[in-house]
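Per-chain residue numbering starts at 1, and chain names A, B, C and D are given in the order in which the chains are listed.
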C-alpha cells in the first residue's frame, strides 16, 4: 500500500497532535516539519527533519500534502503556498482573523481545485457525526430545540487569552460551527449575553469567561448555548437535539468505566482533562479524512467556506452582546 | 392524636388528587366536599357529604381548613369566604387571571393573619426542594446558569387550552415560579420566543405549543428555558443549576428500575405518564404542609405573594415574545 | 364503598408498617390491635383500641380480617384462631420455626377454605413482580442464569440475631423464596458457603454474616447468591436474570434523582436506608392484596405452601454449608 | 529516539492485532513476519517481508524482540528459539496444552534471564488494571466477594471450537487468570457446573457453552463466575469486587455516548462487537509493555508462571465439573 508523505507546518502543541495522528495512519508517512523560528523537540521525537520554510521542505522531502498548524496569522500565506506547490492541505481553525483574508484564501483554493480541509475537530468526532447523520436521516423528525453545554476546566492564562480573539471566537466558535452544521444555515436572530463570572479582570483585555445565547431560526429550531471557561466538576461538552419524532443526546464519554461505591458515596468514572483528550479520535479522523482524499479524491467534509460561516456568526454574537 | 377536618372545594381531577393526599395524612380527616354545580362521584367514593356552598359545609361538618380546587375564577371569592369563616386554606394555582384580583386576595388574607398556602406543586417536590436547599446552603457557590427543560407528552384538547390562558400562564409558569424561588428575584431582562411546532391551528385561540426563553439577572445567573407540549419520548422535567463551586442536576425519576437488555437494544426503566404521577409526592407534601401549619402554626412555604410574582413574570414573557 | 375492618396482632415495628398501609388503603379501616403483653404507643397513634386477646378484639370490633405481626412462635396459634373465627389473614413470615408446625397450619387453613396470605414482601414489590411477569411471559426465553446480590447495611445486635434463626433463615430466605418463585421448583443441587467476615464473634451464637451460594436446576438455570449483613456503601438488593432471548436487570431504586457534580467528584442519588424504606410499596401491595381478596375473593398470591418450600430450601442450604 | 525492531510470528487474526499495535508504538518498528505455511496478506499490507522461518527472519532483519502469535502447539518451540537467538518475546496465551510443556518453557526462559511477556490481554486492560491497583492499595479493605460475568455474542464454529480445548481453557481461562491476579493464590475449593444451553450438539466434541463456578478461598473471598458463549444483548464482561470498605464495579465501556429517546423507548449507546474491539487498548498496552521492557528492562507484568497457574486452575475446574 502506497504511503502518502505529510509535512506539518508548526511544531507546537497542536502540531504534536497531528504528528501522532499521521504516525498512526497506515497510509500516511510523516516526512518532516516546518518551523520558521525555533522548532520544538517534536521533529527529533519522530526522527524526521525540520525545515525553516515550506519551500525547502517541499524540495527536500517531496510531500503529498501538508498540515497547517502554525500561528493563525500565517494560515492564509501557507494556504497560498500549498496551492502554488499543488499540495492538498489540512488547515487548523480559524482560517484568519478577518473576513477579507478568509475570502482571499477561499478564492485561491477554489480556483486551484485542490482539496483543503478545515480542522473544526468537533465535526470529525465520531459521536457528533453520529448525531448529525441521524438527524440528516430524519431520525428525530424536524429539529425544534438544540442545547449546547460547553464547560472548560479553567481559565487560560490571560496573556494567552489576549491572542485568541476572545471566548466567542476561540471557544464558542465550536458550538456555533456545530449549530451551522446541524441546521444548515445562519440563524435569523441572535440574542447574546457575555459575563465575567470567573475573572473580573478579563475586562482589561476585553474578554469574558461565560457566554449565554439564544439563537433562533425562522421555521426552524431555537438553540440555547451555555459556555463557561471554568467548571469545577471538570471538562464537559454536551449536546441535545430535540425533534418532532425523538431526541438525541450526546453525553461526554468517560475515561474509565470503573466505579467505586464507598461509605462516602458513589464515585463515577472519570472525565477527560480537556479537549485534546476528549477529541483524540476526532483529530485522528481529521487526518484519516486527509488520507481518504489523497487516496480517493472527493470533497472535504469541512471546508474554508464553513470557516467563513462560523466567522460571520461569531461576529453576530459579539455584536448582539453589546 | 387530634385529626383536623378538611373540606375540599371542587370535585374535579385536582380535587381527587387532594382528597387522596388528605386521606393518607395521619393527622387530617376528609370531612366533605363543596360543589356548586354538579358534583362528580368523588364524595361518594370517599364516603363523605357534598354541599352546594362552602357556608353550608362549614355549618354542617365544622372544618379546620379548606382546600380550594375549584375553577380559577372562583379562587378569590373562596379565599374571602375562608377568611370570613376563619379557616386556613390551601389554594390551587393560579390565584386569579388578573393582577388586581390577586392583590385583593393578598390584602384580605394578609389582614386576617390566617395561613394560606399556594399550590405550586413543584415547590413541594422533595427533589426540587433538595436542589433549592443545597443552593441556599452554598453547596454550589454562586449560581451562574440554570437550565429548565419541560416537555409534556401531548397537546391538551384545544377547547381545554382555550380556558387555560396559554402555554406560558398554564405550563411554563411552573418553570418561571421555580426560577423566582431559586434566584429570589425577578430577572432583569427577558428574551422570549413562542412557536407553534405541533399545531399551527393554535393560532385560532392565540396559543402556542413551544416556548424558548433566555432570562438574565444582573450580577446573577442566566436561565435557559425550553418547554414544549409534545415530546414523543414522554414526560420530562429536568433542572440543572451550574454554580461557581459545583453543579446540581435533577433528572426525572423513573417508575421502575427494571431494565431489559435484548437483541433489539437496551430498554431503560419507564417514565411517568404526566405531572400527576410525577408529582404525587409533591401533592402529598402540599397537604402535609397544611397539616403542619394547623398543628404547629408558622408561615406557608409558598404564598399568594409568590403567585403575584409568577403572574408578573408570565406577563413579561408574553410581552417579550411579541 | 364498603370499608373492611382490620385488626392487627402485634404492636411492634412491622405492625406499624402494616398499620400505615391499612390506613392508606381506601377500602380498609384499621379497627384495632391485639397485644398480649405490653402494647406500644401504636394504637393510640392511630386512635384505635388495643385488646389483650384476639378473641376480645373479634367480639368488640368485629373485624373482617386480621394481620398477624406478632412474634414468630405465635403465628400458628393465631392462624388457628383466625380460622376458628372465620377470618381471612395476612401472616408475617416465617410461618413457624419447624416444618411440622408449618404443615399443621397449612392443614388447618386448607380445610377452612379461608384465604391466608404469607408476607414475603419481595413477592409484592412492583419491580420484582415486573421481572417475574416478563419472565413468565417468555420475555427473555429460557432462563439460564440468575444473580441475587443482597447487601444489608450493618449487623443487627447479636442478641436480636440470636432469636432470628441465623442469616439464612432470617435474611437469605427472601432470596431463596424469590428463586423458588422465579424458577417454580426446588433446585437439584445446593452448594453453600457461610462466612464470618464482619464479626468473628458470631460463632458464639452459631450465626454467620456472609452467604455464598450456587444453586443448580437440572434442565434449568444456575443461580448465584451473594449476601452480606454489612456493605459500607449502603443497602442493596439487585437481581439479574439472564435468558436465551434477553436479560432483565432490577437495580435498586434511589431516594432522589438529584446529582451533585463537584470538584471532589460526582455524587449519585442516595440509596434507601434499609428494607423498610426500600419495600414500602411492597408492604402496601401486601395490604392491597388482602383488600382485593376481601372484595373479590380469589387465591392468595403468596401462601403458606410457599412458606414451606422456602423453609425446606433454607434447611438444605444450612446443611450444605456444613 | 531509537526504534526497536519487532518480528511477528504468525500472520493470522491475532497477528494482525499485534501488527497494528506495533505500528502505533512510537518506539517500535515492524520489521517482518514469519509464517511457515501460507502467509496471509498481512505482510504486504504493512509493506514488510515475510520469512518461512524465524531463523531466516533473524538473519535478515535483525529484530530486537519477537511476538509469538502462531498456533498454540508451536509456542514452546518459538520460545526456545527466541532464547537461542537472545530475543525477548511477547507470547500469546496459552503457553501450551499440557503442564509439562509449560514447565519446560518456563525452565528455558528462566535460565536465559530474558524477559518473556504472556499475553493475557485482560491484565493489560487499563480499567481492569485500575481495579487491581485500587484493591492492592487497600481501597476496598479486605476482598470478600468477586463477581465475573462474561458473555460472548455467539458460538464459534464447532470445527474451530474443537481445536480450542473447550470453553474453560479457551474463554473462562481469562476469568480464572484474573481471579488469580486479584486474589494472588489458587482457590481452596472449586465448585463447577458446565452446561450446553445453546448447542446440545457440542456433546460431539466434548465441549460446553455455559459455565457456572463458585470458587472459595480460605480466609479469603468467594468468587462467582457466570460465562456463556451467547448473549443476544451483545458482548459483555463485567467485574464487581466487594470488600469490607467498599466495592469496585467495572462495567463495559460503550462505543458511543449517543442516546436516542424515541416513542419506542430509550436506546442506550452501543456495545462492542467482541473482545477484539473491547480490548483494543489492552492489546496496545501489551505491546507498549514490551517496548518498556526493551527500553528500560524490568520484569514482565504477566509471565509464563501466570500461564502455569491459570492452566492448573482450568484443570481443576474441568475436573470439578465431572
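The criterion applied here is as follows: a contact is a pair of C-beta atoms (placed from the backbone, for glycine too) under 8 Å apart; a residue touches a chain by one contact, two chains touch by 3 or more.
Bear in mind the structure is a predicted one, so any value in this text is a computation, not a measurement.
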Length of the shortest touching-chain route, chain A through to chain D: 1
Reference chain D; chain at largest CA-centroid distance: B
Pair exhibiting more inter-chain C-beta contacts, A-B or B-D: A-B
Length of the line joining the C-alpha centres of chain A and chain B, rounded to whole Å: 44
Centre-to-centre distance between chain D and chain B (centres being mean Cα positions), rounded to whole Å: 58
Residues of chain D engaged with two or more neighbouring chains: 232-233, 245-247, 261-263
Graph class of chain-chain contacts, one of line, ring, star, complete, other: complete
Of all residues in chain B, those that touch chain A in their complex: 142, 144-145, 147, 149, 151, 189, 191, 193, 195, 197-198, 210, 212-214, 216, 222, 224, 226, 228, 230-233, 242, 244-247
Complex interface listing, chain C residues touching chain B: 1, 3, 23-24, 26, 44-47, 126-127, 130-131, 134, 139-140, 245-253, 256-263
Sites on chain B touched by chain D in the complex: 232-234, 261-263, 265-268
